[in-house]
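Got some structures for you, see below.
In what comes next, chain A is part of two complexes: it sits with chain B in the first one and with chain C in the second one.
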Partner chain A sequence: MLDLLIAGLATGAIYAIVAVGFTLLWQTSQTINFAQGEFVMLPAFLMLAAMHVGAPFWLAIVIGMLLSLLLLGLGFKMLLVDPMLRHGVLPLAIATMALAIGIKEAVKQFFSAEASPFPSIVPAGDISILGRQVALQSVGVLALAIAAVVGLTMLLNRTSIGHQMQATAQNPTVARIIGIPVERMILMTFLINAFLVALASLLITPIYLAKFSSGEVLGQAAFIAAIVGGFNQVRGAIAGGLLIGVVDNLAAAYVSTQYRAAVPMVLLILIILLRPQGLLGRAEERTV
Partner chain B sequence: MSMFNRYWRIALGVVVIAALIIAPMYLNRYGLFILSQWAVMTIAAMGLNLTLGYAGQVSLAQGAFVGIGAYSAAIMTANGMPLIAGLGVAIVLCFAIGWILGYPALRVQHHYLAFVTLAFSTLAFLVFRNESWLTNGIYGISNIPRPTILGYPTNRPLPFYYVCLGSLALVSFATWWLIRSPWGRAFVALRENPVRALSLGIDTRRYTLMAFAIGSALGGVAGTLYAPLTQYIDPVPFNLSLSLDLLMMVIVGGSGFFFGPFLGAMIAVLLPEWLRFTQGYYLMLYAVAVILLLIYSPSGILGILDRYLTERRTKAASALRAVAKSGLEPAP
Partner chain C sequence: MKSGILAGILLATMTAAAALAQSGAPIKLANVAELSGGGATVGTNWKNGIDLAIEEVNAKGGVLGRKLEVTHADSQSNPGVARAQVQKALDGEPYVLLGPGYSGSVKVTAPLAAEAGIAQIMGGEAAELTQGGNKFLFRTSFGQQSSMPKVAKYINDEVKAKSVAIVWVNNDFGRGGRDVITKEFAKLGIKVAADLSTEAGQADFAADVSKIKAAAPDAVFIYLNEEESARILKELKRQGVTVPLIGETTLVGQKVVELAGDAANGARGHVGLTTDAPVDLIKAFREKFSKKYNYVPDHNGLKGYLAIYMIKATTEKMGKVDSKAFADNLHGLTIKAASEPGILMDATFDKNGDIDRQGFLVEIVDGKQIIKQVLPKLN
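Presenting the complex of A and B:
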């Protein structure tokens, strides 16, 4: 039970990171990123490619991170979101769906259609917690993910830049009037999202292997986490991610492996029907 | 001017219909399969266009309804019943499920609604995969027979293509009639301004559910044709990506335009085939083409045409106004 819980929290923490990026994009620029799962899949392949040319693992991580900041942060914003933003939410969402197909096919074509193993940054082995054996990898992933989430929360709540970003998210017009560089803040959220997906990629790929199609499951988990927690709250996305991770793992063990994927979906439908603003969300976000 | 336009339109329609009837006689087996697939997907996309384009409700579950229709047809015909019985079951089932799925639409809208339907899509896929007693699970159902219509068997690709084309014609006619009826106008009122529609006495609750249910039923109709077309179905084609593809077809063609789904399905089904000479790159190019199109015209292909026609009409109108004005001015 304890090991299940920790493994669930570990995958949940990764979902939470991805979901946080997802809600940040929604808040600052009304982007529903249907390619978020593919965004998590891609950096692992960038790192693998860097290692393939002979870079050591640490350098490959740095290269992968920088490339994803460039492609998934700056490139995504300037080439896709900026020209489409004024057209409204739906065409942009459809464009990200097409982008998801494009990324998937590009990886399949240029790298491989097979699953590739990916080195773990946490050493293998078990440690004992409260007298139970727990995989070191789960604990390490959980610790790193928590560190990332705490760091991000600090950035958003304790620094001047964080406050400016929150102001941009809440009311761009007023933010611009009081002199906040709104454009730069929006770019910043895209870069933060790119960093978060690259980190998630680094953490989750050793567990599920690097495969071109692995983004579908991840993207869905992140959507569900974001909705369950509350679309307009960073801490909502974190809570939602952890909840989905734990529920998913427990469902696999206690409900049925066949219908494991159904449990988060049922949870999602219930939350939307009973509390559409999400567990921790504010009701004002609801559009009528 | 407008008469001229109307004759042009009728001529274009006749040419396209004639081409759809005559050209396939010279196509090979694979070409006929692709063209039949286009007709089937157009029917499903038309249903979604009704829900999304006319009534303004985002649905990510159309692929699941195609799946429900396909499984109804496959299970019924595999047990010796005629396809028309499968069609009846598919329509009733999809209409009922679509009606129930429409209930969340009364409470939540936009992306929330998209996610409820997304969840439904995944649940439907799990049922197709796991309930082996009914759907034969991952092994799928094979040897689905093609129907005999008026004593004429449609086993060969060409007759079955005509079945698909005929169904498309029937569905198009019914949809065309529907969107011109008071119901269709109520759907548009719902999309444009739900509050005003309500204040004008339109029962928005009923029409929202109706838009969902009719759109889903058309998905079921497409499914009933899909099963005998491929003659083998398993859960994989009906996963979430089919729903996303159908949504892309509607938006790319032009949502809210009657002919949008025809063009959108053409792009989604035929363009990848035309790009096949590029081998592994064809889906990538397809994705890039869709993104570029949406950046250029977010209202789809017909949106470009619409914009062009409106511009010309405004120019003509302002020219007329100028002439009228100069005529009214007293001579110096």
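Presenting the complex of A and C:
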């Protein structure tokens, strides 16, 4: 049970990181990014490519992170979101679905359709928690993910940039009037999202292996996590991610492996029916 | 009169040209395999093995003086797509159909090839495939009905396990293997401590491994495809499971070793074909393959390679290229490595299309397959 809980929390923490990026994009620029899962898959391949041309692992991580910021942050915003957003939320959402297919097929084309191994930044081995042997990898992933989430929360709540970003998210018009560089703040959220997906990629790929299709499960889980937690709250996405990770693992162990994927869906439906704003979200009214 | 002679000459020339084209035209083969999706490792190795063998055969003048030519189609590891691709391939009237590698895809495509009267040489290992009376289907490796009893016997005699957890993938291949081994365990009085079905493409095995730990078996029998095998081996190591891990070819393949790294050490399995076999011809194959493709092939590379030499040996025995008579001639045929080195080990094909050949018991030690036992050819 403890093993399951820790493994669930470790996976859930990664879902949380991805889900946070999801909600950030939604809040600042009404982007529902259906390519979020593929965004997690791609950085691992960028890092593998860097290693392939001879870079050591640490340098490959740096290169992968930078390329992610460039491609999945700046490039994504300028080449896809900006031109599409003026046509409305729905065309943009559909464009991101197309992007997901594009990224997947491109990785298949340029790398391989086969899975590749990916080194772990957390060393193998066990540590003892409450007298039980627990895999260092699970604990490491959990710790890194928590550090990322805490860092992000501090950035949003404690710094001037964070406040400006929140203001942008809450009301861009007013934010612009009081002199907040709204455009820059929006770009900032895209870059943060790019960083988060690259980090998630680094953490999850050693377990799931680098494969062009590995984003499918992740994107779906993060999407569900974001809705369950509350689409308009960062802490909601974190709670949602952790919850989905744990529920998924417990479902696989105690319900059935075949139906494990259905359990988070059931949770999703319940939340939509009973608490549409999500566990920690706030009700939002929009003029139609 | 003159025009009659001219017409005669013209006719004779055309007939000769047609005959020449007939004898010199390439022999067309069609391959449908898992080039993407969950079975990409299987299909890519299979395809590369085929290409390598065809290159060799053609370099030595082809089969009965005719070159071999193959088209590759991607089943995307999906039986539905495989069926469509096989139908398309059969419309091109190939001499022999190659693939697919996944049992589920073989199951849905075999009736199409049989109806067209075209022999299908495939990579599937599910027991049921050759038990339905299909006269056109041939294996390149052992079916589960020949490999599972050997594995069960090994678990009983050598590992001396009294209770075993079974982890299997929920598709035709996995279910077939699980059914056969469960029966064998029952015969030997081995208790099934846990019976865990997993999904193809499953990424997270934490829950499954927790269940294995809770069941505390003497050994774990793992019957998954390569990528999932690697993931579960990593998870078993992560959660500190130390009992013997035993499986079949898909647990101890090269790709699994590459993906699972250290976690693959200690895994054991029965392997019908392995590039680590202590057989000179296989060693030579491995070297040629690695040189051409820059990686060490797994058993699927061998299977694809053998398929082409099965075609060569059968066709040369017939002395003609006749797709309708091909299957009849391969039934009951023994191909000896001494006369056809490309077959690598002596192989006999029975009336069902099943193969008889020597097999191996291997263990992964320091990331390498080490042959522990050679299991002789039955007949």
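Here, the second predicted complex is superposed on the first by the 284 of 288 C-alpha atoms of A that agree within 3 Å, B and C clash if a C-alpha of one lies under 4 Å from a C-alpha of the other, contacts with A are read in each partner's own complex, and residues count from 1 in each chain.
Everything below uses one rule, namely that a residue touches a chain if its C-beta (ideal position, glycine included) is under 8 Å from a C-beta of that chain, and two chains touch if they have at least 3 such contacts.
Just so we're clear, the structure is a prediction, and the values are computed from it rather than from any experiment.
Chemist: When the two structures are superposed on chain A, do chain B and chain C clash or fit side by side?
Modeler: fit
Chemist: Going by the contact rule set out at the top, does A:Met84 touch chain B (first), chain C (second), both, or neither?
Modeler: It touches chain B, and chain C stays clear.
Chemist: Taking C-alpha centres, what angle do chain B and chain C open up at chain A, rounded to the nearest 10 degrees?
Modeler: One gets 70 degrees for this angle.
Chemist: Once the structures are superposed on A, label A:Lys108 by its partner contacts, choosing first (chain B), second (chain C), both or neither.
Modeler: both
Chemist: In the superposed arrangement, which partner chain does A:Val217 touch: chain B (first), chain C (second), both, or neither?
Modeler: second
Chemist: Would you sort A:Glu38 into first (chain B), second (chain C), both or neither based on which partner it touches?
Modeler: A:Glu38: touches no partner chain.
Chemist: Check whether A:Gln258 is in contact with chain B, with chain C, with both or with neither, and answer first, second, both or neither.
Modeler: both
Chemist: Kindly classify A:Ile207 by the partners it touches after superposition: chain B alone (first), chain C alone (second), both, or neither?
Modeler: second
Chemist: How many Å separate the nearest C-alpha atoms of chain B and chain C in the overlaid structures?
Modeler: For chain B and chain C in the superposition, the minimum C-alpha gap reads 5 Å.
Chemist: Residues of chain A that sit at the chain B interface in one complex and at the chain C interface in the other, please.
Modeler: On chain A, the residues that contact chain B in one structure and chain C in the other are 108, 258.
Chemist: Going by the contact rule at the top, pick out the chain A residues touching chain B in the complex.
Modeler: Those in contact with chain B are residues 32, 34, 80, 83-84, 87-91, 93-95, 97-99, 101-102, 105-106, 108-109, 216, 220, 223-224, 227, 231, 258-259, 261-262, 265-266, 268-269, 272-273, 276, 286-288.
Chemist: Please output the residues of chain C touching chain A within their complex, sorted ascending.
Modeler: Answer in residue numbers: 35-37, 40-41, 44, 170, 196-199, 201-204, 206-208, 210-211, 213, 227, 230-231, 234-235, 237-240, 255, 258-262.
Chemist: Mind pulling up the chain B residues that touch chain A in the complex?
Modeler: The contact residues of chain B facing chain A are 58, 104, 107-112, 114-116, 118-120, 122-123, 126, 129-130, 240-241, 244, 247-248, 251-252, 280-281, 283-284, 286-288, 290-291, 294-295, 298-299.
Chemist: Sort out for me which residues of chain A touch chain C in the complex.
Modeler: Spelled out, the residues of chain A in touch with chain C are 3-4, 7-8, 11, 108, 112-117, 124, 126, 133, 135, 137-138, 207-209, 211, 213-214, 217, 248-253, 257-258, 260.
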